[in-house]
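To start, the structure under review is shown below, and the notes come after it.
Each chain carries a letter (A, B and C) given by its place in the written order, and its residues are counted from 1.
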Amino acid sequence: MKPGLPYLSLITFLPLAGSLVVLLLPKTQERAMKVAALGASVASLLLTFCAWTRFVPSAGMMFVERHSWITALHVDYYVGVDGLSIAMVFLTALVTPLAMLAHWKLKDNVKLFFFLFLLLQTGMFGVFTALNFFHWFIYWELGLIPMFFLIKIWGHENRTYASFKFFIYTLAGSIGMLVAFGFLWMATGTFDFVELRSLAANGDLAKKIAVFVGDVNGRFGWHWNVTTFTSVLFWATLVGFAIKVPIWPFHTWLPDAHTQAPTGGSMVLAAILLKMGVYGFLRVVLPIFPSQVAAHVDILLLLALASIVLGAFAALAQTDFKRLVAYSSVNHMGYAMLGIFATAATAGPEMLNEKAAALNGAVLQMFNHGISSAALFFMVGVIYDRTHTRALAEYGGLRKIMPIYAGVLGITMFSSLGLPGLNGFVGEFLIFKGAFPVVTTVTVVATIGLVVTAVFLLQMMQKVCFGPLNEKWQWLPDMTACELFIGAVLMLFMFLIGIYPAPLLDAANDAVLALVRLF
Amino acid sequence: MRTDWTIYVTFLGAGLIMLLPRNAKNLIRWVALLTGVIGLGIGLQNYIAYNGWVDANQPLKDGFWHLANVAWIPSLGVHYHLAVDGLNFPLVLLNGIVCVTGILFSWNIEERVKEFFAFFLTLIAGVYGVFMAMDLFLLFVFYELAIVPKYFIIAIWGSTRKEYGAMKLVLYSFIGSAAVFIGILAAFFAGGGQTFDILELARHPIAGQIQVWVFPLIFVGFAVLAGMWPFHTWAPTGHVAAPTAASMLLAGVVMKLGSYGCLRAAMLVFPSGLAHWQWWIAWLGVIGILYGAAVALVQKDFKFIIGYSSVSHMGFVLLGLATLNRDGMSGAILQMFSHGIVASLLFAVVGRMVYDRTHTRQLDELGGLAKTLPFACVTFVIGGAASMGMPGFSGFVAEVQVLIGAFKMSPWLAVAAALSIAVTAAYILNAIHKVFFGKDDEHHGTAEVHALPPITVPEIVAAVMLMAALVIIGLFPSVMLDMIQANVDIFLKGMP
Amino acid sequence: MSGAYAQIFRALSSEISLAVVAMGVLTLDLVVGRKRDLGARRQLVGAVTLIGLALAAVPLVWQVGLTNVPLMGETLAVNPLTVIFKFVLIVLTALTVLISVDHDIGTHVGEYFAMLLFGAIGMLLLVGSEELLTIFVALELTSISLFVLTAFHKNSLRSQEAALKYFLFGAISSAFLLFGLSYIYGLTGATHLRDIGTALAGKGTNPLLAVGLLCVLVGLGFKVAMVPFHLWAPDAYEGAPTPVTAFIATGSKVASFFVLVKVLMIGFAGAAGSAYWGAFSSGWAMVLGITAAASMLLGNCAAIVQTNVKRLLAYSSIAHAGYILIGLVAATSTGATAVLFYVIVYALTNLGAFGVVAALSARAGGGDLEHFNGMAKRAPFLSLLMLVFILSLAGVPPLGGFFGKFYLFAAAVERDAQNFGLLWLVVLGILMSAVSLYYYLILLKHFYVMPAKDETRIATPGHVNMALAICAVGVIILGVFPEPIVALLKTLVIGL
């Protein structure tokens, strides 16, 4: 490919540059900081849009940049996007400025907030574009630290506990992953995702690991088993991502973190940070450990199923608006995981189309959940700003005094619920359609989740907007123009994808097929 | 100017300061700063030139840039021999950075300014000398020269139990150097009684059984200063007692003097002795790593946390050196640089930014400083992240390499050492939480906290310099790692 | 005959001129001094004494060219080594005079300076003589002058007690010496060192010789204040007027060690025995090895608990006698060179240290450690000089004391480099140096760290500052560029 504009580096580092501008602005220039932050973020969005228009799904890795970086460790600076990541890059570019906009009225420590937010955005872009574990991991951690502080400093009453829980969980997962990749590096001498994927595809990876294990055994007189060793690497990597997704039972950090985070933080956390975990499965776990995934697929499917069903029931039991939305994320990410694991459930070319449909559905679900969860958290934030409570029992009848709010919440709710015509439906439909013939029993049980999802979302709607109005809230103003704008943008995508999902599916399809063919 | 001018310039600066009137405090500060900046500038300029030399892929002849080599005391075969290579150049640079930032962080010293900066620059010059000396005698001379000013800096300008801390530190280092002294004499005569030149001695191997007992003398003698467990106990008390700049120097460069001495004077000259004691060093390193981290976890004094964390991080250096493979040793040397910067940064936050303003270091008494001193908070978080081995900072590259090297030596070493990373994360987070947030959660905005004086410009400049060094080396480790590896390869080739 | 007298005159011209000056000084003080106040008297008489000393140094210039001229049947020797040491002694005396001028020595000004000169004559004779009886006579001349000088604080009980103690011990030790000499004469029939050397060569030891040798060692050991003949030293050092203390601790020591080297290396070269670890064999090396170890241990340990600066320095000088003896134990030309080099450095350093104490204690109200609190503020220049002297005593590079010690220890290791037979003494010496750093730092702590009660500046006369600065510069030069003097001493010692 001809060296064109280094789109991905520009997209990634624009927010970083913005963060430095924010840092250097004098303390009193709060408005200028906000404008600079939003400007940098929007510029990234525009660039991402340009990149998408030039994206060719069949071309494999696009916008590749590769430069020799740390010669001592054979590490290259290597970035590129394919069908699996382009949508995520776009999602990041879209949701982050909206989340910043949601904090346009922030008065407390403005500089630090927008600085961290832009840093976070760089980290997220980096995770979705990096193709070398070394700098990918830097971005992965860069996504962690700013979020820790966003929760810690601007969070709600229980922020300290929540932020530390979030941090420790993710860090623990990262360390396992780091160790696993350290071993992979010692065995193969590369950190390169693409190279590792091709090594795995032609069987060299297994050989190299065997040689490495043999070497260790020979030198230390140990009796490591190659299969067990590879499985340990696989699980270490998998758990690192599973915590981020999160898959049951690694999800317990999520309700706390989401609930305690400030609105923008929750939006980004749910919309993008969770996707980093799912994306990890697509970019790392499936391509590099295909046979291990296949070997453990039953357990994995059960875990996904548990996320769906238990997530839904847990959401049903919540009395806290935000906590409910948080559990809905566990539930929705479970669907995506179901689609992904279904891919590995059978070997060979049989049911290729079904598996591709399930995986396509999962990729779409990632994007959809990004839109709808961002919207839901935003809506929670809107009402919390006015009432300073999140208890569902305190609300009621808001439809009467805040009709626009009720409307937007309704559409968002239906999007999340998977109403046909809105975005959620397409993804979940594809997942179930694809997964049903492959893993019938699991899919059937998962439909319980679907039902419960509908129940808790409707119940939420009912408790917030219908019923008798709490007298305290008589004076509540409706959504402001700014808030409405954010809601409108997100709703636009809900409708757009609900009606015409083809651009997303087309972009992903080639990469998805290639991935499915690995099994 | 050649790199050895760093030594002369710094000595000249110290001499010049002694001639200035004692009341011209600002003049003294600026002269000191200028001296430090010139030293750093010379170091940087030559570093770039040297790096270009390595990058050109020319085969390194013997791996050294010889700066000076003249007979000094011919009756004893002592040469004034200075040289730089990939192993000491990062440390020379480190010394320059710590010198400049240390001066900036000492800008607020009002008492006996003249003596402070004179002692400070003497110490710095001695350290430059140790890093470049290629003659055991010369190395020892510079080494001792660096020890004595520490006593006065700590005892005069220090804080908690300063005289005890200073005395303990100096006696530990002196007993260590006594062992080194004996070792050097033995090496000299066992090597034929002709020369103290390190490279010459390394070229003519000394009898194996002598190496076996002389090596630990020199190694442990230096390792005392590197904070090797169980000889580390001077480090926390010394760090706590020292004024900010001295803590920075202590953890930043003086501990590196020890580890560098281990490498240059012990490991290079006594390969068979090294082979004999390799496992001991590795395990002592690991014990230091774990012990330091575990003790840091339960400290109540902010500075003690950083003090013990230094012991833990220097354990990585010793472990890496003991691995005797490319990854481990390169990692160890990079870790010396990295920890030098990290420790300086953390001590600067603790001592200068926090303690000088709040006059307490008890975790329980601090709290909520993120609001009042946001810059200190950000700085500490970045330093802490680097200390934890967060990717993107120099510590990560270094520690990962050490772990890989240790794994190649024995997986158990790597496992044990890796455990400490989690503990490190725990105590750093705990400190961040208690100092910068903590109390704030219970009762918002206490009045006295809000009255803290703001962070000054010298502090910001210095902190930004250190953070930039962390990030630059973290993101582009090649600028340092290439030259380190070139010389580690040469070193390993010389091993039996 | 007249030729012989001319020879004697040439050989003893310095001594003779000093005697003339001493008489002159007495007369001068008698004639013109009485009318002036004490300060002016001291200045006048001191100036004349200085001129006399300068004149006495002139004949040495003539002697430079002479090599080993035996005079009076080898009773007196003139060779470059004696020239050097006579010169050193004259310089030391001159420096003592300089610091004495400033010191209250009562009304007997002329007698004081005359006594100093008589003592100096005895020392010069000690350096020059190679015959037992002459040595004895010279020793007595020195001692008696010093006894008198010690008592010069006529109104101070301590001074009187010190003098009495010094005198009694001195008298007994003289008796021992004479007794020992009589045995030696009885065994060999000779009193000339070289004849004794020839007579004893290859004979080994016998009980009679052992008794004689032991008695000689007792006599001379008293002079150099080695353990167990050190008991007089702390009291005498403390009680004597400080300039006299300086003179006892330096001039007397230089001369005594020179004699000790000469007697043992020339006269008793055949009876050295050995002090190798695990392979002791009887002879003076063994005895000195044990006393050296004892001196280092006792001197350093006792110094730790002292509260009076002069007492502290007294114990430190006992310890230093121990270090110096290590060079003698080596019993090689390198060892002798090291001893002579160290003695010079030691004399300059101690003279400086006592000089500072003399100058400051009178003005600070006493000689205890706390009287020196905060001197760095009150008398910055002298404090800086004290820093140099004390660090040199502690053996910190790049000062003379460091190189001197290094050379002494190197000589000891070199003696039996295959088996490191003398390493035990070296190890002990080095460890004790580390211990000594403790009390030296305590001393410096009072100067530099502790706050003064009264912060008024202390002004010291220019000539005192100059004298002490000369000592300091000498100490630094001998440390940084030891090569010329070491090389010179070594060739001369080999030629002996």
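One rule holds for everything that comes next: a residue touches a chain if its C-beta (ideal position, glycine included) is under 8 Å from a C-beta of that chain, and two chains touch if they have at least 3 such contacts.
What you see is a predicted model, and the numbers here were worked out from it, not measured in a lab.
The central chain of the assembly on a C-alpha centroid basis is B. When chain centres are set by their Cα atoms, the one at the greatest distance from subunit A is C. Our note on geometry: subunit A versus subunit B, Cα centroid distance of 42 Å, whole angstroms. For the pair subunit A and subunit C, the distance between C-alpha centroids works out to 84 Å. Distance between chain centres (mean CA atoms), subunit B to subunit C: 43 Å. The residues of subunit A never reach two or more other chains; the list is empty. Residues 72-76, 112, 115, 137, 140-142, 144-145, 147-148, 151-152, 155-156, 163, 167, 170-171, 174-175, 177-178, 181-182, 185-186, 188-190, 193 of subunit B touch subunit C in their complex.
By the touch rule above, subunit A contacts subunit B in their complex via residues 69-73, 109, 111-112, 134, 137-138, 140-142, 145, 149, 152-153, 160, 164, 167-168, 171-172, 175, 178-179, 182, 185-186, 216, 220. Residues 330, 370-371, 374, 378, 381, 385, 390-392, 397, 400-401, 403-404, 407-408, 410-411, 418, 421-422, 425, 429, 433, 437, 441, 475-478, 481-482, 485 of subunit B are the ones touching subunit A in the complex.
Residues 376-377, 391, 396-398, 402-403, 406-407, 409-410, 413-414, 417, 420, 423, 426-427, 430-431, 433-434, 437-438, 441, 444-445, 448-449, 482-483, 486-487, 490 of subunit C touch subunit B in their complex.
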